Structures are given as C-alpha cells and as structure tokens.
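After this come two complexes, each holding subunit A, first together with subunit B and then together with subunit C.
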Partner chain A sequence: MQLLETRGVGKIFGRVTALEQMDLVLNQGEVLGLVGQNGSGKSTLLKIIGGLVQPSSGEMLLHGKPVRLRSQSDATMHGIGMVHQEQSLVPNLTVAENIFLDKPNPAKAQGLYRWKQLYEAAAAQLRKIEVDIDPRAIVEDLRFAQRQQVELAKVLAVEDLVSHPPIILFDEPTSVLTPEEIRLLFRQIDRLRQSAAIVFVSHRLDEILHISDRAVVMTDGRKVADEPVSALNRESLYRLMVGRQRAIRAPRGIQSDEADPSKARLQVSGLSAGQQVRPATLSVAPGEILGLLGVQSSGAEEFCRALFGAEDNVQGKIKLNGAQISVPSPAAAVQAGIGYLPANRHVEGMLKGRTLVENMALTFGLDYGHRGILVNRRAERQVATEWIGRLKVKTRSADARIDDLSGGNQQKVVLGKWLLSRRLQLLLLDHPTRGLDPGARDDLFAVIRAEAAKGLSVIFIADTIGEVLDLSDRVIVMRDGTMSAEYNLNRGDAPSEEDLVRAMV
Partner chain B sequence: MSHVQPATDPLVPAKPGFAERRAALRRGVPLAVLILLVGVSAIIAPGTLSPAALNGFISDAAPLMILVIGSTIPILTGSIDLSVAGIASITGVMLVVLAPIFGPWTCLVVVLLALLFGALQGWLHAWLQIPSFITTLGTLSMLSGLSLLLSNATAQPLPDSDPFINLLGDTSFDIPNTGFATLVLVAVLALVMRYTRIGRDLFALGAGERAALMSGVRNVRLRSFAFAISAGCAALAGLALVSVTQFSSPTLAGNLLLLSIVGVVLGGTAISGGVGGLWAGVIGGLITAWLRVATVLIGVKPTGQYIVFGVMALIAVFLTTDRTKIGIIK
Partner chain C sequence: MKNMSPTTSARISAQQSDRSFALHARRWLQNLGPLGVLIVLLLVFEAARHNFLSAGNLAAIAEASAVPVILTTGLSFVILLGAIDLSMEGVMAASSMTLSLLCANDVNGNHWGIWGIAAAIGVGLAFGLVNGLLNTILRMPSLIVTLGTWFIGLGIASILFPSQVPTVQDHWVLSIASTHIAGLSLIVFVAIMLLVLFHLLLHYTHLGRMIFAVGGAEATLVMTGLPVPLFKLAAFIISGLMAGIAGVLLSARLGDGNANIGDGLLFPAVSACVLGGTLLSGGRGGVLPSAIGAVVLEVLNNGLIQIGAGPYVRNIISGAVILIVVAVSGLHLRRKLRVVK
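Showing the complex of A and B:
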C-alpha cells in the first residue's frame, strides 16, 4: 500500500541545486534502501520528508492527499519519524521526557507534568521495542547503545499518534554503532517491516543489500536507479553509485621494524590515560599503516587521543623519531609532527564559518611562509587548492565556507589541513570514513596509501573490519583498554572476521 | 552514469554566494553608517567639519579609538576584557606615583606594567579556565579600588616635565599627536594580524575553540597575548587622556567601558568571536566617537547620552550576530 509520494520535489540552496525533480514512492511493508555519494542529495530528501526542510518545488502526497510539513513536529503529528545520524536526545532530561519531547503526551494537564503517567507511557514505548531501560534514567548516564535505543523508541512512538502506518526514516544509523548494536537495530527494522514504511540510508552496501527490499540510488540530486534489491549485488550497486569499478587492494611491501627499534617512527612505552587506556607499549615504522580495531569504549579512540595529548591524565613516554615529546598536548604533538583527524569533525575538526583555505592553512600554513614567522597567503592558497584537487573535494571555490559543503567533503578538507604539511610524521585517523560514501572512501584510502608510500606513518581506527583489512599493514585489536591481539598482514597473518570479532568482545 | 567532477580541476569559477554577500554586507554597513552620520551632522551644523572642530574631535576620539582597537583583540578570540577602563584610569595615577622613581621613563614603565598585567590576566583566564567576563570584572573592581587608594580619591596634577606626555599633548601640522599615535598603533597591529601566525590563530580561537585547540593552536599563550595587547592599548588610551587634561583622576576613564564595547560591536565585530577585525574596530571607534558629537548636536543632554549608547549597543549586537553559526534550521 502506498503511504507517501513525492512528485517532482526539488530543493535549491542559494545557487546550488541539492535535489531535482524527485519522484519517490514509499510503501507500507517495504524497506527502501537509499544510497548515493556524499552531496548527492540523500540527506536533503530525507530532511524534506521529515519536515526539516521545505522543498523549493514539487509536492508531497500523504495517502494520496497533498500535504505540507512545516516543521519536524508537524511531520511527527503526521506519523513521520526520523532517526538521526547523530543522536538528538537532550542529555540532561530523563528517558521518558525525551521520548515525549516532540509530541503530545498523556502526562501533561493544564501545563503540569504528571510524572507517574509519563513514566508509565514511556515504559510502554520501551517495552514495545523490547528493551529494558528505566524511563526515570537521565539520558547522559546511559551507554551509547542504550541512547540509540531510546532514540528509536522516541521515533517509533509516532505510531500511536496516527491511525495509519507510520513512516520511519533512518539517516545513517549504523555509522556509529558496533556490529552487535547493528544486529539489534536490524531486528527492530525487521519487526517494523510489515507495519510501516521505512527509509534506510547507509554507506555500507552490504547493509543495504541485507535489510532493504528496494534500493534507490542518487547522484547529483537526481534519482539514477530504483530497483528491487533482488536484482542487485555489491558490484552492480557500487557501479551505479560511483560510476566506476571498485579498486582492488594491492599488497604493499612495508615491514614494521620491530627488530630495530632505533629506526621506529613512533615508540610508545607505558602510555595510559585514566581508566580508559591501560599502559600500552607499541612502535610504528616509517610508512607503516597500523589499523586499530575495537568496540565503542575499547580504548582505541582514547589511545589515539592520548598520543595527541588530548586526553586527561596521560602517563608514559611518547617518542617520535627517537625524540621524546615532553608535555603531551595537542600543540606539542603538532609541533613534533603528529596530526589527528577527529571523529567529531563538527566540534574538533573544522572552523565553522571560515573558508576552505582558512581551515586548511590553520595548522601548517606557516610551512609555506617566510622563516616560520611571516605568513605567505598566496603560497598557502596555492597548496590548499592543490590538495582540494587531490582529495577531490566537491566545491564551488576554495573560498567557499566549509559549512556549505556536504559532510564527506568537509571531512576531506579537515584531512587536507594535516596533509598539506611538509613535516608531518605521524597521522592519527579517528574514524576517518564516518559519513563518507564508498567512492569518497576509496579516494581517501588512495591518498593515505600514497602518503604512506612517501614515508608518513598512519594509525587508523576503522568503522568496519573490512576497512581495516583493506588499508592496514598491521592490525591491533583493543579490548577494555588493552591490546588483545595483533596481526601483521604483510607477513602472511590473515585473520578471519571471526578471529577479529572474538578478540574485540 | 556521469563522472561528477574531473579529478584535475574540481574548482568551478567562483561567484560570490549568499554567505559571501552577507559577509560583505556586514563589512560595508558600518562604513555606510559612519558616512551617513558625518553627512547628516554636517548638514545640521556645517561647523562640525571645520578644521578646529575636527581637531577637537580627534583629541576627543583618540583615547576611545585606542581603547576600542585594544578591546577588539580579546573579543575576536571569543573572550572579553572589561578591565580596560580600570587600566586607563589607573595609568594617570601611576604616572604621578611613579614619576619620582623613574623620571622621564615613567610612561614607558607604566605601559610595560600594563602589558604584564594584561598577560597575567589572560594567562589566569585561559590556564585556570575562568570565564574572561568574570576575571576582568574582578580586576576592573580591583584596579578601580587601587586607583582610589593610591590617589586618596583626589585629582592630582601631572609632573609637568614628562617628555612623552608633552609629546602626546602637542600637535604636528596643526593636528593633535594623539591622532598620529592612533594611526601608528593601528598600522603596527594590522601588520601583526595579517602577516604573522598570531592573527590567524586569534580568529581560529574565536570561530571554534575546540577545533583550534585540536589543530595545535596554543590557547594559553595566545590569550595572554590578546589580553596584554588590550591592556597595553588601555594604558596608551590613559596616557592620551591625561595628555589633554594634564590631570590624573582615579575615575578618569570610568565612563569609557561601555563606549569601548559599543565601539567594537558597532564596527561589526561579533561579540561571540571569530568575526570582525581591526578595520571594524577603527570604523566602530569612529562611529562611537562621532555619536558623542552628534548627540550633543541634536540636543541630547549629556545625562541622556548613555541611554542612546545603550540602545546603540543592543542594535549593533543584533545586527552583527552571525546567526548561521548557531545553526538553527527554520
């Protein structure tokens, strides 16, 4: 049964056409997988259906009747719910308050809360998705995966607002989840499948093929394919999306030189950070790509942040090219030639409101100045523009504001900030592919491989096991703040996914 | 299936987009306001543009301009320095107190002390992570108290042989030297802001503090620098003030605090940091100084001036806040 239809929907931001002539039908009992490269208009389409953005042209029909959604809460009242990529809960309120934040609820009377009824109603919503979370708990006290479940309960509560089947939109929900949490999410989607229309966005083609009934591929704001998943496989989906064949990894010849530690690029001994990272010892060779793997709070992220001096209570010794870094701090790390691409690029990676060149020249622009004192803007601009080209950043101009780019392109700019350095020794990548489409990810990997071949050492925390095996020379698995397994891929170690998962959990 | 962008040239010829036009507007409006203000005043009272009146304006405006330019620097980083009026006031008092010890070098010593004090204040604010608002409110109170204490709450004549004060109080080519001092200060700071790493890092801190820290910007050093500059400028402003009056008064600059901040925001520097700059400070300082003239011209009593300035401050903040930065989706 057809629930929602968009007819010729388009959206123009300033001079940029984000979405053009989009015709889309959402049916009850069907999971629609939506894929496309960064900046292809997926998010815009989802925001239009979710009431967050008003279309510039075209119309939407809900049950055959034209409808205008003026806001997200308006969409909620029409039974349309959206699970955001980054969680949208208010951290200092209770679970129950969050679930009913955007909708009328039984517990408000004459503007006063009736807490008991509110908690009961929330408990009913949580029971519906079979999770055991106390509705009285404060959201910030919950674990990440639990918060995701609350978010899901909040969105699914729209079922009760309308008499018809709800429409649930998932905007890259899996990008921040562990494999176990993804399985839980998929179980919920399977449970909803019959009683709702679902749109599922992911950059992981396997997930799309696994969970969806129908796949829609978008490129440059247009729909280029709309086919049942049974007619597709990984390769054909990739081709539809990227427009070229997938690159196959060529093995590289870098050996990690444990026998001769004097030649190591990085030597870490007894590095710890509070309870999150237990004393760890490690060395990385010049040009080596080391993959770190671990579930959320395994200590992999914290290990990288400790190396960069961005964690509290860092103990232990960090030596780069044999010279010790005295007081760990980001400024000292940068001085020594360590770069860090943060997982949270919005807060820690990019300067909002500034141009691409300004963002990229921030840290190492002076490498291109006079005697390390005076800034040479022309030289900076030139090298930044070169990197914008090499990283294939999709932008109108090097002087565009970084906010105007799509997420994946912003990530490339933040990476460019480090790569344009002439003296970068070690690059730490914390979930570098988060929010990147497969094509952009391959571009990114190619650039990282090329830089590693020139001698840059890389430590990288992957989103998936596949990525780690794809890019790394050596893999270290972390669990509970310690290193639980190590595989040297170039020496013939070939761990299976099962081996790695066993070491992770 | 189309290849989205050729790999070699991803740059489409640049045309100014919406955001750039907005930014240009924000830069252009204060200048237009200044010209309009001067134009209207000249029509109401043509005498305001006579050489004598302009010279009066320059001596009157120079201390305020210097204060505004100094205050701009911490505000660019997202902090604020409220102690500038206190420093400007205590400068005159220190001149009187220290003259017997340092003789002709007193002015230099006073400015150096101010720079040190500012650096310490910036260090306290950044290292101990005390909000600048409260740090400098505290030091403002301390400085005001100290001025009253050191001067016994009375106005005292300056030692008449101080070479630097005499130079500042003099004129060259019939134009007050304080005007030239302001120009030199602006030129030096403009060079630092444009051609050293400091300028860029100041803006970066204001635009996104955590991203700047994670990019290796040295927060504590930079904030110490920013507050040292604002304190140093405040001391210069104090010297410019006493060079006109030839008297030191412990409450000399008390009424300049609001005006200096009004000046910063009227020029288009956002109080949230990261947007604006020295040029904005210059224009904002000129507008504020001219407003003082204009309010008298249109017959606002001196007692009523503060109402005008308060209203101007609100309007200026309203116009200069970069709302896209907050990221609310309408």
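Showing the complex of A and C:
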C-alpha cells in the first residue's frame, strides 16, 4: 500500500541545486535503501520528508492527499519519524523527556509534568526496542551508542501517535554503532517492516543489500536507479553509485620489524588511560599502517587519544624514533610530530564558518611563514590548494566555507590539515571514514597509502572489518581496553570476519 | 555478532546498570556540594563564636538572605537559558520609586494601597518583557540589552525622584516588614513561598523544563518545532518580576522610596547562582542551588562581621571563597578538552 509520494520535489540552496525533480514512492511493508555519494542529495530528500526542510518545488502526497510539513514536530504528528545522522537530543534533559520532546503525552497534561507517568511511558518505549537504559538518566551521562538508542526509541514512539502506518526515516544510523547494536537495530527494522514504510540510508552497501527490499541510487540530486534489491549485488550497486569499478587492494611490501626496536617509528610500553585502556605495548614501523578494530568502549579510541595527549590519567612510556617523549597535551603531540584526525570532526576537527585554506593552514601554516613569527598567506594558499587537488575535494574554490561542503569533503580538508605538515611522523585516524561514501573513502585511502609509502606511520580505527582489511598492513583487535588479537596481513595472516568478530566481543 | 553469547550481553547490561548507579550518585554529590559548604561554614563560625547558631542570629541571616534569594530565583531562569540579566538594580530602583509615589506617602496625595504594590511589581514585569522582546525579536545579546535597561531603570527612578525622599506611610506596605511570625518578618515567608513556587514551576511544568532545555540544546528545540522565543520571554519576565518584588520588599523594609535601593545586589546575585552550581553557560543548576548559594554568601558575611572582619577584609574573603568553591566544585569538570570561557 502506498503511504507517501513525492512528485517533482526539488530543493535549491542559494545557487546550489541539492535535489531535482524527485519522484519517490514509499510503500507500507517495504524497506527502501537509499544510497548515493556524499552530496548526492540523500540527506536533503530525507529532511524534506521529515519536515526539517521545505521543498523549493514539487509536492508531497500522504495517503494520496497533498501535505505540507512545516516542522519536524508537524511531521511527527503525521506519523513521520526520523533517526538523525547527528543526534537531536537535548543533553541536559532526562531520557524520558527526550523521548516525548516532540509529542503530546498524558504525563504532560495542561503543561504540568507527572514524572512517574512520564518515566513509565518512556520505560515502555525503551522496553519495546529491548534496550536497558534508565529513563531517569540525563542524556549527557550516556555513552554515544546509548544515546543513539534513545534517539531510536524517540522516533519509534511515533508508532503510537497515529492510526495509520508510520513512516520511519533512518539517516545513516549504523555509522556509529557496534555490530551488536546494528543487529539490534536491524531487528527493530524487521519488526517494523510489515507495519510501516521505512527509508534506510547507509554507505555500507552490504547493509543496504541485507535489509532493504528496494534500492534507490542518487547522484547529483537525481535518482539514477530504483530497483528491487533482488536484482542487485555489491558490484552493480557500487557501479551505479560511483560510476567506476572498485579498486582491488594491492599488497604492499612494508614489513613491521618488531625485532629491531631501533628502527621502530613508535614504541609504546605500558600505556594506560584510566579504566578505558589497560597497559598496552606495541610498536609501529615507519610507513606502516596499523589498523585497530574494536567495538565501542573497546579502548581503541582512547588509546589513540592517549597518544595524542587528549586523555586524562595517562600512564606509560612513549618513544618516537627511539627517543622518549611526553605528551601531556595535544600541543605537545603536534610538536613531537603526531597528528590526530578526530571521530567527531564537527566539534574537534574543523572551524565552522572559515574557509578551506584557513582550516588547512590552522596547525602548520606557520611552518610556511618566516622564522615562525610571520605568516605567509601566499605560501599557505599554495600548499593548501595543492592538497585540495590531491585529495580531490569537490569545491568551487579554496576560499569556500567548509560548512558548504558535504561531510566527505569536509573530512578530506581536515585530513589535509595534517598532511600540510613537513614533519609529521605519526598520524592517528579515529574513524576516518565515518559518514563517507565509498568513492570519497577510496580517495582518502589512496592518499593515506601514498603518504605511508613515503614513510608516514599511520594508526587507524576502522568503522568496518572490510575497511581494516582493505587498508592495513597489520591489524590489532581490542576488547575491554586490552589487545585481544593481532594479525600481520603482510606476513600472510588472513583472518576471517568471524575470527575478528570473535576477538572483538 | 551472531555467535555472541547470552552471557556477554548479560555482562554488558550489568556494566551499564553499575555505571548508571555511579552516575546517579555522582549527580547527587554534585548537587549536595553547595549545601555541604553551607553546613561547614555554619559549623566553622559556630566554633569561632559560640552564639552563631542561636535563634536570633539565624533569624538575622534569614532576614538578610530573603531578598537575595528572591533575586537569584528570578536570575536563575535567565541564566539557565545561557543568557544573563544585569538589569535588576535598575528595575528595583524603578519599582521602589513607583511604589513610594503611588502608595500613601509624604510627597503627593496618592493612596493606591495594594494597587500601588501591584503597579510596582508590574514595572518589574514590564522591564522583563522589554528585555525578553529585545532579546528574542531583535535578537540582541542579553548582556547588552539588560545593561541598557539597567541604566534606563536607574534613569527613570532618578527622574521620578522628587525634591525630598518620599517616605512610605501606607500600612499595607509597612506591615510586610513589620509583621512578624515566629520571629521572622513576612519578607522571609514571601521569599520561601516564591522559592518553592518557582522551584515547582521549573521542575513540574512544561515551561520550566523547556527553559531548562533551551540552555542545553536550543537549536534542537527550534528544529523540533517548539516555541523557543516564548520560553525565553517567560524567563526574562520571571526575572523582571522577581526584581520588581524585591524592590517592593526593600522599600517596605526601609520605609521610603530610593533610586539606590538595589545598589550592589547584582554581583552577589550572579555569584550566588554560580556558587550554587547554576552555570553561566546555561542548562545546569536550578533555583534551589542558586538560593543555597545566596544563603552561603549571607552566612559568610554575617560570620565575618561577627569575628570582627572589616568591610575590605570581608570583600577579600568573600571573593576568595567564591573562587575556591567554584574551583573545587568544578574539579570533576576538569577534563583536558573542556572549553572554559
């Protein structure tokens, strides 16, 4: 049964056409997988259906009747819920308040709160999706993945709001979830499948093929394919989306030589960070790409942040090129030649409202100036522009504001900030591909490989198992703050996905 | 993934509930911190001067705390938004002059009685409304808006000021300060009543919770389609209202109208909010913590006078205590990447 239809919907932001002539039908009992590269208009389409953005042209029909959604809560009242890529929770309110933030409920009659009823209603919603979170907890006290579950509960509560089947939109919900949490999410989607229309956006083609009934591929704001998933496979989907064949990994000749510590780029002994990282010892060779794999709270992120001086309660010894260094702060780490690409680029990676050149010259711009005192804007520009080209950043100019780029291109710029350095020894990448489409990911990986070939050592935390096998010379799996397994891919180790998952949980 | 054992998920959920308990405990400790400081101060001064905890002195502290508590109650709503209201001294001046010139007095023939009180409080409400409208509709920063209305209030009060100080003769007004129940004036009871009322408003009404939420994630609320400007307007009105009431109570206590009546009350009120744990960045704290902060400052002042400290030494010690308490209570926030402005 047809629930929602968009007819010729388009959206223009300033001079940029984000979406053009979009005709889309959402049916009850169907999961629609929506794929496309960064900046292809997926998010815009989703925001229009979710009431967050008003279309510039075209119309939407809900149950065959034209409808205008003025806001997100308006969409909620029409039974349309959206799980955001970036969370939309109020951090200083309780879980229960957040779940009912955009909906009426009996516990809030006449503007008065009945806390007990509110907590019970919220507990019922949380039970429905089988998560064990206290509805009285303050959201900012929860871990990221738990907040994601609250977000899910909040959106799925629209089920109870309308008599007709709800429409649930998932905007890249899996990019920050662990395999176990993804399994839980898919179970929810399966539970909803019959009684709702679902749109599922993901960059992971496997997920699209696994969970969707129909796939829509978008490029440059247009629909380029709309086919049942049974007619597609990984390769054909990738081709539709990127328009070129997938690059096959070529093995590289870098050997990590742990037997000869004098040659190691990085030597870590007994490094710990609070409860998250138990004393860890490892070394990384020059030019080696070390992949870290682990579920959320495995300690992989904290390990990298500890190396960068961004964690509290860090203990242990760090040697860089054989010399012992101390990194009490990120500034000290940068001074020593360590760079870090943060997982949360919006908060820690980029300066919003500033240009690409300004963002890229932020850390090492002075290296191109005079005697470390005066800046040389011309030299900064030149080298930044060069990297914009090498990283294949899609932008009209190096002076565009970074906010105007899509997520993948923003990430390239943030990476460029580190690559500008002439003295970078070690680059830490914390979920570098989060929110990136396969094309942008391949661009990013190509540059990382090229830099590693020139001698840069890289430690990177992968989003998926496929990714870690794709890029790394060596893989270390972390669990509960300790290293639970190690595979040297260049020496012929070939762990299966099952091996890796077993080491992770 | 698929072969994840049931014991693993049981272990994870046990860890989560442990964590959740620890978090609750930590929140409680944070909230009780200022109360702990209050108790320690009381005990320290009692040890130094043995009649410090006498009924008479406690009543004196209560009388001195009443108006600061009312002011911090109103101010807390604006600070919870992440905004600030500096206008209270000007509002109190305008409210005090309005009251003294409309109620029975020795300068003109007005005899508005209880309506004079209402008018004075109404002046406070009007100031709050103007602050709120300028902030929400013209989108001017609250710091600038309320700095402006502070001086507008002082100016209005000075223009209204007649050739001589108007002495209040209205028995309604004077009885607020002169009526005592159980050794405490009505002013103290008004303060307690307002404190309880606005605490309930903050925690049990949609409006209160949304004012709280604005300080946490304003953009999220806007995108959710909630009328955020109305919540902000309400917070500024509450703050203006409280300053208006404070002007009336102070005039009642002094027995005359005065443009300088609120002098020197703004800084302690802001300090009290911060001391109690209502962060200037918004979204944290509440009216009760702020009120405890206000009482702490009064206890400190009273105790220092009793042990013979002069006004300059009192200033130094009060300032130092504010810094120490805020530093200690903020220890748990001292993460490397937290931004302090």
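The working rule: the second predicted complex is superposed on the first by the 489 of 505 C-alpha atoms of A that agree within 3 Å, B and C clash if a C-alpha of one lies under 4 Å from a C-alpha of the other, contacts with A are read in each partner's own complex, and residues count from 1 in each chain.
By our rule, contacts are C-beta pairs under 8 Å (C-beta built on N, C-alpha and C of every residue); 3 or more make two chains touch, one makes a residue touch a chain.
Owing to the predicted nature of the structure, the values given are computational and were not obtained by experimental measurement.
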item: First, second, both or neither for A:113, with subunit B first and subunit C second; value: second
item: Partner chain(s) touched by A:312 [first = subunit B, second = subunit C, both, neither]; value: second
item: Contacts of A:240 with subunit B and subunit C, given as first, second, both or neither; value: first
item: Touching partner for A:52 - first (subunit B), second (subunit C), both, neither; value: both
item: Subunit C versus subunit B, contacts on subunit A by residue; value: B
item: Which superposed partner A:335 touches (first subunit B, second subunit C, both, neither); value: first
item: Common interface residues of subunit A - those touching subunit B in one complex and subunit C in the other; value: 52, 310, 348
item: Interface residues, subunit A side, partner subunit B - complex; value: 14-15, 37, 52-53, 219-220, 224, 239-240, 243-244, 308, 310, 330-331, 333-335, 340, 342, 347-354, 358, 361-363, 365-366, 369, 373-375, 385, 388-389, 392-401, 403-404, 417
item: Residues of subunit A defined as touching subunit C within the complex; value: 51-52, 70-74, 88-93, 97, 101-102, 108, 111-113, 115, 132-134, 137-138, 140-141, 146, 179-180, 182-183, 309-312, 329, 348, 498, 501-502, 505
item: Interfacial residue positions of subunit C with respect to subunit A in the complex; value: 1-4, 8-9, 13, 16-17, 20, 23-24, 27, 203-207, 209, 212-213, 215-217, 220-221, 223-226, 283-284, 335-337
item: For the subunit B and subunit A complex, residues of the former touching the latter; value: 1-5, 7-15, 17-20, 194-197, 199-201, 203-204, 207-208, 210-218, 274-275, 322, 324-325, 327, 329
